[in-house]
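Some structures are shown below for you to check.
Consider the two complexes below, in which chain A is the common component and chain B and chain C are the respective partners.
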Partner chain A sequence: MKFDTIIIGGGLSALTCGIKLAKAGRDCLIIASGESALSFNSGSFGLLSRLPDGTAVEEPLKAIEQLPSSHPYVKIGIDNTRRYAASAKEFFADCGISLRGTERNLWRYTSSGKMKRCWLAMEDTTAFVSREDKVGDKALIVTVKGFQDFFPGFVAESLEKKGISCRCESIELDELDMLRSNASEMRATNIALTMEKDKIRKSFVKEISRIRQDEDMLILPQIFGYEDTRALEDIRKAVGMPVTFISTLMPSVPGIRTQKMLKKAFEAAGGTLMMGDCVTGAVIEGGKIKSVLTSNLGSYGLEADNFVLATGSFFGKGLASDFTKIYEPVLGLDVDASEKRDEWYSSSFFDRQAFIGFGVKTDNDLHPSRDGEAISNLYAAGSVLSGAESLYEGSGAGVAIITAMYAADKILEG
Partner chain B sequence: METKMQEKNISANELEQCVKCTVCTAYCPVLKVSVIYPGPKQSGPDGERYRLKSSLFMDNNIKYCLNCKRCEVVCPSGVKIADIIHSARETYGRQIPKVRDFILASTDLMGSVASPFAPVVNAVTGLGATKFVLDKVMAIDHRRTFPKYSGTKFETWFRKEAAPVQGTFKKRVSYFHGCYVNYNYPQLGKDFVTLMNALGVGVDLLEKERCCGVAKISSGMFDTARKHARINIASMEKAMSDGRKVLTTSTTCTLTMKDEYPDILGLDNTSVKDGIVLAIRYIYEMLEKGEAKIAFKEGYRARAAYHVPCHMEKMGLSIFTRKLLKMIPGMELVSLDSNCCGIAGTYGFKKENYARSQAIGKALFDNINAVNPDFVACECETCKWQIEMSTAYKVKNPVSILAEAVDIEKTKKLNNA
Partner chain C sequence: MIPAQTTNDFDVIIIGGGITGTGTARDCALRGLRVLLVERDDIATGATGRNHGLLHSGARYAVKDSESAEECIRENTILRKIAAHCVEDTQGLFITLPEDEEIGYGLDYQKQFIDACTRAGIKATAMDPREAIAMEPSVNPALIGAVQVPDGSVDPFRLCSANLVDAKLHGAKVLTYHELVEIIREGDTVRGVRVRNKTTGQTSAYFAPVTVNAAGIWGHQVAEMAGVHVGMYPAKGALLIFAHRVNNVVINRCRKSADGDILVPGDTVSVIGTTSTKIPFEECDDVRVTPEEVDLMLREGSRLAPSLMTTRVLRAYAGVRPLVSADNDPTGRNISRGIVCLDHEKRDGLRGFITITGGKLMTYRLMAEMATDAVCEKLGVTVGCSTATTPLPGSESSDIKEISKKLWKMPTIAQKASVGRVGTRASQIKADDRFERSLVCECEQVSVAEVRSAMDNLDVHNLVDLRRRTRVGMGTCQGQLCACRAAGLLGKNRLCVKKEREDLASFMEERWKGLRPVAWGDALRGAELSAWEYSEVLGFDKEDEQ
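Up next, the complex of A and B:
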């Protein structure tokens, strides 16, 4: 079976690339082995928050000039990076995903109430122009009784350092209490599904009004908006004071909703999704991939003119390691990674970790190579690429989106 | 030494690959409508760690798992969550199947008994009084419409009408028809034989075919399932000895024989696994390789909504159905959102599951109603019962859709059949 392009991977990068190609009329297949890291997204995208030397970044598109030439943003050209970054908001809006952001990084709360920089914020995320901004002086922090993936105490501790007094309450409703009979699965997504019902949301808002004293701001976990953002907008309007939503532990409601909306946009544009299948190898002839094989289809090859590898990093199984080496497990591509195991990681968990920057070696057009030979109809995109320390730099989503758009345009230019 | 250490850490169904990411929880159709089920993560890898220590940790509510395998499809770490759950039901389960479970699970035995008396059985199972008794005595829900039994079994029709001419074809396949085609809906089998013959391929039946075992696995009758599976594997080995493929029209029978035999029943099926091919894929590959040609009727018009059954999704074969149906001129194929219909074979027949089953299917039914197609295209027979009972739309297997759209006489000529 032949497609114009086959994309290996199903996360932010793969879907961005697929939507762009499908909208341009290309027959596109996405092969994804399970859901992606987008399911754990905290409600915002980062482009660049910190340079490799530790300098904090206020204007990411200016700061990219200071990145090393091995960084994906520099590899594809700084002008290209700027152009794709500027088009991102409109691209996602066309998929039904509304994002807020400016040329300057915004500030958002983390799940423990600390503040972090971000580039684009989803509707669930309250973003601030400056770190010192605050919505009010007295916060009511509300959670659902029995919900274990949100920590009001941590949030209060952080906010009080900013001079915001806090009161933590938990709400008990019969419908939500039902979920507690299954405590291990009382997750943000399950609560959000219950909160889709207007009646339950109304009772929840009524409870908030009942317990509210003189607070001027409300803090809630991200437990609204499972299918779309209707419940989110409704809550904002109904509670009668400014609401700040704070991310929960996984699975993430905004992340899963975004993933579902991107899949929908891809299929609506005519793309084909193969979920839960895994590419096991490829037939490579004359420096080009002819077809890929999958675990479900066995020896039956799927052919395409172009291929995109957007398999993610270690969690997505785009990269793997054993006792002696870091490798790319799908196609056996060349990688940029240290050969010395003791250089891979720091034994302190919260330190900067070198392995995050490892990845597939490519030329400036994002073509990977195998045994030193470039593969001319293959592009790598997203966190499988080497050169970006996404966690330290806060660049994961930016690299995923921008390199995917670049790969799609390269394919369209043919 | 290093490899040995890693090898020792491999447990059944990729248990140790679970990183507790909880994505399965977000996509489980049962959890969406009910809290009685502990959920895929807790029933599967989380619970298994405890069960390995002591069977006292076994929670019988894991039986509410539909085995739709959506958790496995979304798992980023390749854990066979549903297989862990269903293996645990056998290893640690203390529940003895009820008479009701035995009846629902014995699709083959019930079919043999009911078929000769089909008009009577169909009339009786349709009666309010019968449904009342089944509900009260057997806990088979009274709101459920029973699949009709056919008077003539597919096998009987085949031996009489089709078998004599199959010898004229050089290229041959074997057909695993399954209980549904044999007892409830022989027309699908007839459509399959007509289509294959027109494409120049002769069809034989297996020397011995038993129920694939899926209904038995879901009702906890693992030993009977294993007994039947061994007979099926032996028959298929024999049929495949001359390189022949065994084709199927049921997605669930296919998944059971290819994946559940080793993963849940612990049987070695390597000799036959790759030779079991869903008909729709076989036909597509034949056309693609130019081994057969196809001609469609002029003036065929249809607007079909395609529902991908959970097990089709798991096997990743829907691309073949999509490509084949799109070949039909005059076919407008609308994709439905990926949702479980809720019946999961015999699951939805059980009284304790009826409400849950319908609640799970609601998103799909609403989607079908909104699309308002001429009919629904779907490869699974139990999805068909569920959708036809819960909406006003007919459900057709893609093989039957093809048989309807193809100009059989022209196609025969093209293939010198």
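Up next, the complex of A and C:
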């Protein structure tokens, strides 16, 4: 079987690249093994919230000029980065994902009610232009009784610091007893699936209206919006006050929803998805990948003209480690990483961790190398790349999207 | 200065909430004494909670130290009865490897070992390698001989907690998070202690005719505060916990004791250890495991069970043994790991003060008995010791299946797990409400009900305490989800969210301390996920612009 392009990985970067190529008429295969960083997405995308020296970033596309030359945004060229960033909203809108955002970073709530910067916010994510903005003065915070992955107390404490008074309530829902009987099923996505049923959501909302006193804003855990973002508007109309969804512990409902919609867009554009399989190696001849092998297909190689490695970082298994080294486990590519285990980490858990910046070494066209030799028909994209301290910088989604678009264009120019 | 208050609130004050202190508190309380126990942190924070959790048969000491061996097997037999819910009868193997032969620990030594065990009263049976592999499939298949002994595993947190629960049931007063600031002396007599409540900062004085120093390695400083010198030296022992139970039988090396030669299964994990390195006293409060120690444990451990090399390491940790330097030992005993019970009146002319130290987890009950005997002698109390025959709370019945059946028609996995943790006391965990059955910790199957019960009954002040009582956060995810959930529950009870935030942050720091030395492979993957969850999703960041 031969494709124009084979993409290894199934997260934000892989899907972005795949959609762009498939829409341009390329015969494209995505091989994805499992979880991606979208499962802990916070209902928004970040491009750059903080520079490596700690300076807070208001205008990310201006600030990228100050990044080091090893950063993926700089590697592919600052103008390219700006151009792809500017096209992102339209790109996702075409996939049915409506995003808000300007050239200035927005502010969104975290699960603990503290605010963080973001670049683009999903339709059902409450985001503010200024950190001081608020939607009301009296908040009613409601959760589902027995749901442990949302923390009304933390949220209330943060809001009260802003002068918003808070009242926390929990509502019992008999319909969730099925989930409760197996305690590890009481997760955000499972509840959200139950809440898709109109009747259940309506009885929940009715209960909210009953317990409401004089509050002028409603805060709910993000256990709505499994299929689409309409729940927010539905609930707002029914209760007659602004509603804010706050992200829960993983799995993230907006993240899983986004992943589903992107997969759908990819398939609609003619792409082929191969889920649950995993690339085990490649046949490399004359500095080019000829074919890749997968665990399900055994020795039967999948051929393509071009390949994209978008396998993510450690969580996505794009990077791996043992007690002597950091390595790229799929193709054995060269990595940028410290050889001393002691240098991988900080002594405080909450400090920036060096290992998050580790990744595959590439040239400026995102071609990785193996044993020092560049592979000319392979591109790396997203968090498998080295050079971005994505968590500290708030650049995870931005790097995923922008480097994927760049790789796709390089292939199309090919 | 003569203290204003001279009446005694208590008969005895015990300093230290480790296994020795809580064991002594229980013994004293069972003999009818009015007991106060003071501990600067939580219970089991020192060496008690930082060892193998091995229920020694005594075989390890049989050849070189028959007295310790005899103590061990006696206490081993007693603990199986009185602490059934803390003990697991895993049995143990002492294996001989080909390389042992080259250094004089071949099968000839094995004979000598079996003879010594038999003399000490330890049942030791030689096995051929095939039998040993059948009994414990993870064992190094290169072995040339094995001896089966009655080793087991013991959960030190549970044991310590059960002793404390019983002491309290018998009237003892317990002050955790109370730091000793002064030993109140009047001339050559110790009158009591002054402690500072670490939560409120308030200082109070308590008085008793006898004070017992049971502070482990910190007993060195406690003695100094009383004006006497006990020559201790801190010996650090590093250990690694593996993410699953690699072995079901304890595996030891049949040769001279060395680093990393014991592998103990316990609950859902296995533990390899240990080392013995002298460290300065300043380091006792913050012992860390070095990369070299990790590598050493892995290398040595894989000689016991080769699969350890490729098994995920969950954490690295280290404890500090309170060794009493033999040259400085006024009792004249030359066994540095033996029990040392000092009556400072006889030794130093200081009345009303006793130090109990040395020893090991295995012999805590005997140490408590010796200390309590000394206390009673001073007080003129003649009631005898009953701890060798009175079961600890939770251990009144030892059959886990039977306890579960009595409590629930169809026990869930979490309910069975909680019987395993608290024994018969599981009946006090109320789970009538369907919301109480939800799991807080999925790795260790800990329910909301069990967490609530621990918070209400077991002196839980924070998340780290809760972990010691319930195993929340001890599993493979190392607190990624369960710590937040438990913080939510603690928060509801305490109504102080700010404190909860700090508590959660310090819990994760504590987990990271043990995770960092072994963060590679799946552990690094988990650490990355936790970092994203806490910073990006929860907004727990160092940088706070607010």
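Rule of thumb we're sticking to: the second predicted complex is superposed on the first by the 410 of 414 C-alpha atoms of A that agree within 3 Å, B and C clash if a C-alpha of one lies under 4 Å from a C-alpha of the other, contacts with A are read in each partner's own complex, and residues count from 1 in each chain.
Throughout what follows, a residue touches a chain if its C-beta (ideal position, glycine included) is under 8 Å from a C-beta of that chain, and two chains touch if they have at least 3 such contacts.
For clarity, every value in this text was computed on a predicted model and none was experimentally measured.
Judged by the touch definition given at the top, the superposed model places A:Met250 against both chain B and chain C. When the two structures are aligned on the shared chain, A:Phe40 is found in touch with chain B and with chain C.
Applying the stated contact rule after C-alpha superposition, one finds that A:Lys317 touches each of chain B and chain C. Applying the stated contact rule after C-alpha superposition, one finds that A:Gln148 touches chain C and leaves chain B untouched.
Counting the residues of chain A touched by each of chain B and chain C gives the higher count for C.
In the superposition on chain A, contact of A:Leu297 is made with chain B only, not with chain C. In the superposed pair of complexes, A:Met178 makes contact with chain B only, with no contact to chain C. The contact surfaces that chain B and chain C form on chain A in the two complexes overlap at residues 37, 40, 184, 250, 315, 317, 322-323.
Taken together, the chain C residues at the contact with chain A in this complex read 291, 294-295, 298, 414, 434-435, 437-440, 442, 447-448, 481, 484-485, 487-489, 491-492, 497-498, 500-501, 505, 508-509, 511-512, 516, 518-521, 524-525, 527-546.
Within the complex formed with chain B, the chain A residues making contact are 1, 29, 33-37, 39-40, 178-179, 181-182, 184-185, 187, 189-190, 193, 250-251, 256, 264, 267, 272, 274-278, 294, 296-298, 300, 315-317, 322-323. Chain B meets chain A in the complex at residues 2, 19, 21-23, 25-27, 31-32, 35-39, 41-42, 46, 72-78, 274, 284-285, 288, 313-317, 319-320, 322-323, 335, 337-338.
Those residues of chain A that touch chain C in the complex are listed here as 37, 40, 42, 50, 54, 56, 110-116, 131, 145-146, 148-149, 151, 153-154, 156-157, 161, 177, 180, 183-184, 186, 247, 249-250, 252, 313-315, 317, 320-323, 341-342, 344-345, 347-351, 353, 355-356, 391, 394, 396.
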